[in-house]
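Data block below; observations after.
Chain IDs A, B, C, D, E, F, G and H follow the sequence of writing; residue 1 opens each chain.
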Amino acid sequence: MKDDSFALAGRHYKSRLIVGTGKYRDFAETRAAIEESGAEIVTVAVRRVNITDPGKENLLDYIDPKKYQILPNTAGCYTVEEAVRTCRLAREAGVGDLVKLEVIGDQQTLFPDVPATLEAAKILVKDGFKVLPYITDDPVACLRLAEIGCAAVMPLAAPIGSGMGIRNPFNLRIILEQAKVPVIVDAGVGTASDAAEAMELGCDGLLINSAIASAKDPVAMARAMRLAVDAGRTAYLAGRIEMKLYATASSPLTGLIR
Amino acid sequence: MSTKFQITLNGESYAVSDDDRLVFLIDSLKLKRGRVAVEINREIVPKANWDRTRLAAGDIVEIVNFVGGG
Amino acid sequence: MKDDSFALAGRHYKSRLIVGTGKYRDFAETRAAIEESGAEIVTVAVRRVNITDPGKENLLDYIDPKKYQILPNTAGCYTVEEAVRTCRLAREAGVGDLVKLEVIGDQQTLFPDVPATLEAAKILVKDGFKVLPYITDDPVACLRLAEIGCAAVMPLAAPIGSGMGIRNPFNLRIILEQAKVPVIVDAGVGTASDAAEAMELGCDGLLINSAIASAKDPVAMARAMRLAVDAGRTAYLAGRIEMKLYATASSPLTGLIR
Amino acid sequence: MKDDSFALAGRHYKSRLIVGTGKYRDFAETRAAIEESGAEIVTVAVRRVNITDPGKENLLDYIDPKKYQILPNTAGCYTVEEAVRTCRLAREAGVGDLVKLEVIGDQQTLFPDVPATLEAAKILVKDGFKVLPYITDDPVACLRLAEIGCAAVMPLAAPIGSGMGIRNPFNLRIILEQAKVPVIVDAGVGTASDAAEAMELGCDGLLINSAIASAKDPVAMARAMRLAVDAGRTAYLAGRIEMKLYATASSPLTGLIR
Amino acid sequence: MKDDSFALAGRHYKSRLIVGTGKYRDFAETRAAIEESGAEIVTVAVRRVNITDPGKENLLDYIDPKKYQILPNTAGCYTVEEAVRTCRLAREAGVGDLVKLEVIGDQQTLFPDVPATLEAAKILVKDGFKVLPYITDDPVACLRLAEIGCAAVMPLAAPIGSGMGIRNPFNLRIILEQAKVPVIVDAGVGTASDAAEAMELGCDGLLINSAIASAKDPVAMARAMRLAVDAGRTAYLAGRIEMKLYATASSPLTGLIR
Amino acid sequence: MSTKFQITLNGESYAVSDDDRLVFLIDSLKLKRGRVAVEINREIVPKANWDRTRLAAGDIVEIVNFVGGG
Amino acid sequence: MSTKFQITLNGESYAVSDDDRLVFLIDSLKLKRGRVAVEINREIVPKANWDRTRLAAGDIVEIVNFVGGG
Amino acid sequence: MSTKFQITLNGESYAVSDDDRLVFLIDSLKLKRGRVAVEINREIVPKANWDRTRLAAGDIVEIVNFVGGG
């Protein structure tokens, strides 16, 4: 296969895997896992600086913004205002205008608040942001977000951190067939085969955090996810065989001894 | 240096000294300029304005940076 | 992870993917796909030489037996006698004593004949062969084959060439938990995520032919399968996160702006 | 089991199956199927009267509003205004204030427009309607609709008329665990086992139209759905056995002959 | 639907549900559950009489052999000889020549020993028994058992008592399409929807014990299973709608207000 | 009876005769009062008002009833 | 009645009295004839032969009936 | 070279010439010795014996090699 680069918000990336930086034991492990993952885009959260111990090491001492596209998220925001405010602070902090929009609707499920997400996306797009919205696997919500001008849509595969995998591949298939912007599966992936399955469905990219950071061996799982995304994408482009209920011999029927 | 007045910094009371310029606060906190953003009373203060921006008693100041997240 | 080589019948292999040589357009494509797959063990069928055109090119002109472990199969055999006879001819042809035993029970499904497979395995083991039997995903049949002295068991994931994937992961899990010999999934894999899933279940190896040879782009699919087997095995060793119905935040709850 | 009646919008029903009246060959078949289904609540659409042939028979000549609770829907409405207007006309036509709210977001999927559905629900509840909203299987949207004061929530199992069954039982389980109002699965059921599964998950009710009306034998399928809803509800209350990977004998191990 | 009786070994039955008598709290509960299930065929085990307390109540004091077809099983038998001997004793005890053949291969899974089951079936058929063999979901084994002359085949859906439901509907579909004798799913059903699903696949009958006897309320679950088998069979005969990825409106598109 | 004026009834032009009462229109269409609802120019006309309601030239009238739907 | 000899009944030693007919054993155990089957030394004894069948010292006797099972 | 007798080779009639040694047959078919196996009348003939093995009229000979298979 020739060039199969991933175009997102005007840039091209080699890797279709986007990784988060939460839940690691320490920054060294974070860096090691991210390097192993091959990711070029890395999500981060926006939080108050530590006043009591300001000298303290910072994530960006380990994840070089010159090397990685930093993708600030609005995790923890439950209102349009909080989410918009967080994006503006992130942009001011100087990592550009690409943001991962999350407007959470409920603490138990961390599912998005669909109307609030649409409203925040409108404001942010008008404000010049390149918006990657976290959303339910709702084809209609995805259509609306594309109409609003989001750079991609990020339907969830399952609840954040649940590791349940792609609970509803049918909705994803519909979203992909209707999509006019890249579709990046966000949240729910638990293991490598889930990642491969998402890519085989035709997803453009995949965002993973917990499945890597909370694995027994995060660096090894980062490698597994890199391989799985590559495997799934390659299989998608290679064109899989049809499914059949019955068998088809793989050895010839002629020339058998009698 | 004697305290001049109090502000609320990241949700906690904070004593500002004679030098009430925002830039001084940032530096005294040893923050890397390129890595943080500042809000005063809900208004973002662009880096370009940090030198000339002065804090006032009771200001609500938020200084944020990036941390690990998914 | 340090050494994770695959021990089979007294030899160690780097790759856990075994590939077939059937259904390719030509020998050049066969060779290209097998090289891309990274496989070290390659299955072949035993058939009468072409008398009318004996000079004709032969598979082994393209797949060097010095480089690859050739694994003759008994595909097309419906009786114990045919299968045993085929194995003996294969050994005489000079590729060693490792054989893939298939005693087919029915043309539509190409499912094995379980009693005949057990009987043939007994004869072949006594005769000094290292037997890799194709069998149903029946835990009891797998136990018996191990007792007989087979070098591994090769339960099917789905009918040969069906591309249905792992139809019953539960039986496979039981077989794996009870296994005293390597478990190699044979038949049924359709795409990369199926291969990754098999390895994540803990399978020691995987045998694939149709899913690669009949893909639109066999060489690309061979690459996808290599990556998927590696991804699945790596994820298995890395230790995946538990599945949960509800969410767990990946960004910290502290330090949010107010 | 003693009384297990289904309380909805202040009334109690014996049957937990709600059926639609669309897609039948004729009114006689509609009536026969609805009688066989045992349903007490029947959905209908609101459309212009036929001016050219006003004498023509009408659905309500066959489905007696005194015998059945008529549930007008807003199928075909794509805006808040159309949906609200349709509900008001339905109420004026004299079948009460219970309405099935649908605000469709897209013609291909007929998935609801979540923000518009929430907005219409607010208006209708304030206007005194008892609102049963058709919605995605989004736990957050279901929470909001309950807060707004809807009499129940009606998450879809799969696209309307798709017969795909319960595509995401996990979301349904979450919705049920969080629910403060009855949960009625609407849309997507294809056959009896789907209906039983929905009730076993703990759903309070089920709305079915296409799976009955478009079956080869609609009256027989109506009976199947009645039985399935009863079977699933009964099993839910009876308390099923736990799932286990391994076996447990059902015959005693003692007293075997030797 | 007109007559849809279940023909098995020369007799016709109204019910397609066969129930076991193991694991109940007491004989009264056994009788109550069996009556509620509507079953006409009831499996029993063959064990030594209690010498120390011979007067003790016996199962058949509660399950009248005149009213129910008693179906002795060979549960607990691990060899051909034990199974054949048990069947002969059962016949001598005077409940006829219909037997449920089980030759178990492994204590953990209670999966059948396929070769031993085939061998025992041959002997019993020659000896005049009407044999109902418990077998894996192996199409080839089912073909062989029919050729031997068994009155039906009883593939397992999942391990005995596991409640896992129909783990591999694909194998069952193949068995059903190839079947020349009735197919009765034996073992693995956990709840009502599993039973409905089995019947929708086209199975002729269903054998359930643990799912009823070990439910929190066995009598209620017996009722649920009766309803589910009826629901599934009725749906199978009614002809379900096709599955589609996208939606089809159930309300008319004409006559909408504008 | 001669035509008096035209209205738009359910999207189509309709000639109203001398008797321009809504109730007359309903009855002439042989509609069961208990089964329909009426809108004139987007305003619902309650059944109680049908007798006294008179149609005017150019009125947009919608009369709906229930049909099979899911 | 004095013991005559021992047999093994359902795996346990059992004393047979003067009346050594099988039918007497069955009756003394209060077993319903229609519900049990008997094996002596691995040979089934048809009900028709119970009356004339006599037990011998050391006989291995199995008497079975039906119990709950799946 | 004149035909001496007929054998059945891989299911078809085949004429053997004056040189009736198996090794001659193999070579005349241009088969790579290392890649094939030979059965005569259902008995495998080890490579070591090819030189001294002579074919006889009516022999059923099978010569196999490896082909693509899964």
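Just a few scattered comments:
By definition in this document, a residue touches a chain if its C-beta (ideal position, glycine included) is under 8 Å from a C-beta of that chain, and two chains touch if they have at least 3 such contacts.
Source: prediction; values computed, not measured.
Listed by label, the chains that touch subunit C and also subunit E are A, D. Under the touch definition stated at the top, subunit D and subunit H share these contacting partners: A, C.
For the interfaces A-H and D-F, the C-beta contact count is higher for D-F. The most distant chain from subunit G is B, comparing centres defined as mean Cα coordinates.
Using the mean of the Cα atoms as each chain's centre, the chain most removed from subunit C is F. Chain geometry summary: the mean Cα position of subunit A and that of subunit B are 33 Å apart.
With each centre defined as the average position of its C-alpha atoms, the distance from subunit B to subunit H rounds to 94 Å.
The distance from the centre of subunit D to the centre of subunit G, with each centre set as the mean of the Cα atoms, comes to 63 Å. Taking each chain's centre as the average of its CA atoms, subunit E and subunit H sit 57 Å apart. Residues of subunit F in contact with two or more other chains: 11, 39, 62, 64, 67-70.
The set of subunit A residues touching two or more other chains comprises 20, 22-23, 45-48, 73, 75, 85, 89, 108-109, 111, 159-160, 164, 170, 174, 209-210, 213, 245-246, 249-252, 255, 257. The list of touching chain pairs reads A-B, A-C, A-D, A-E, A-H, B-C, C-D, C-E, C-H, D-E, D-F, D-G, E-F, E-G.
Considering their complex, residues 20-24, 30, 43-49, 51, 54-55, 58-60, 70, 72-73, 75, 85, 88-95, 160-161, 207, 209-210, 213 of subunit E touch subunit G. Every residue of subunit G that touches subunit D in the complex is listed here, in rising order: 11, 39, 62, 64, 67-70.
Across the complex, subunit D is touched by residues 1, 20, 22-23, 45-48, 50, 73, 75-76, 82, 85-86, 89, 108-111, 159-165, 190-197, 200, 209-211, 213-218, 220-221, 223-225, 227-228, 230-232, 234-235, 237-257 of subunit E. Contact residues of subunit H toward subunit C in the complex are 9-12, 14, 29-32, 34-39, 42, 44, 46-47, 62-70. Interface residues of subunit C facing subunit D in the complex, by the touch rule stated above, are 170, 173-174, 245-246.
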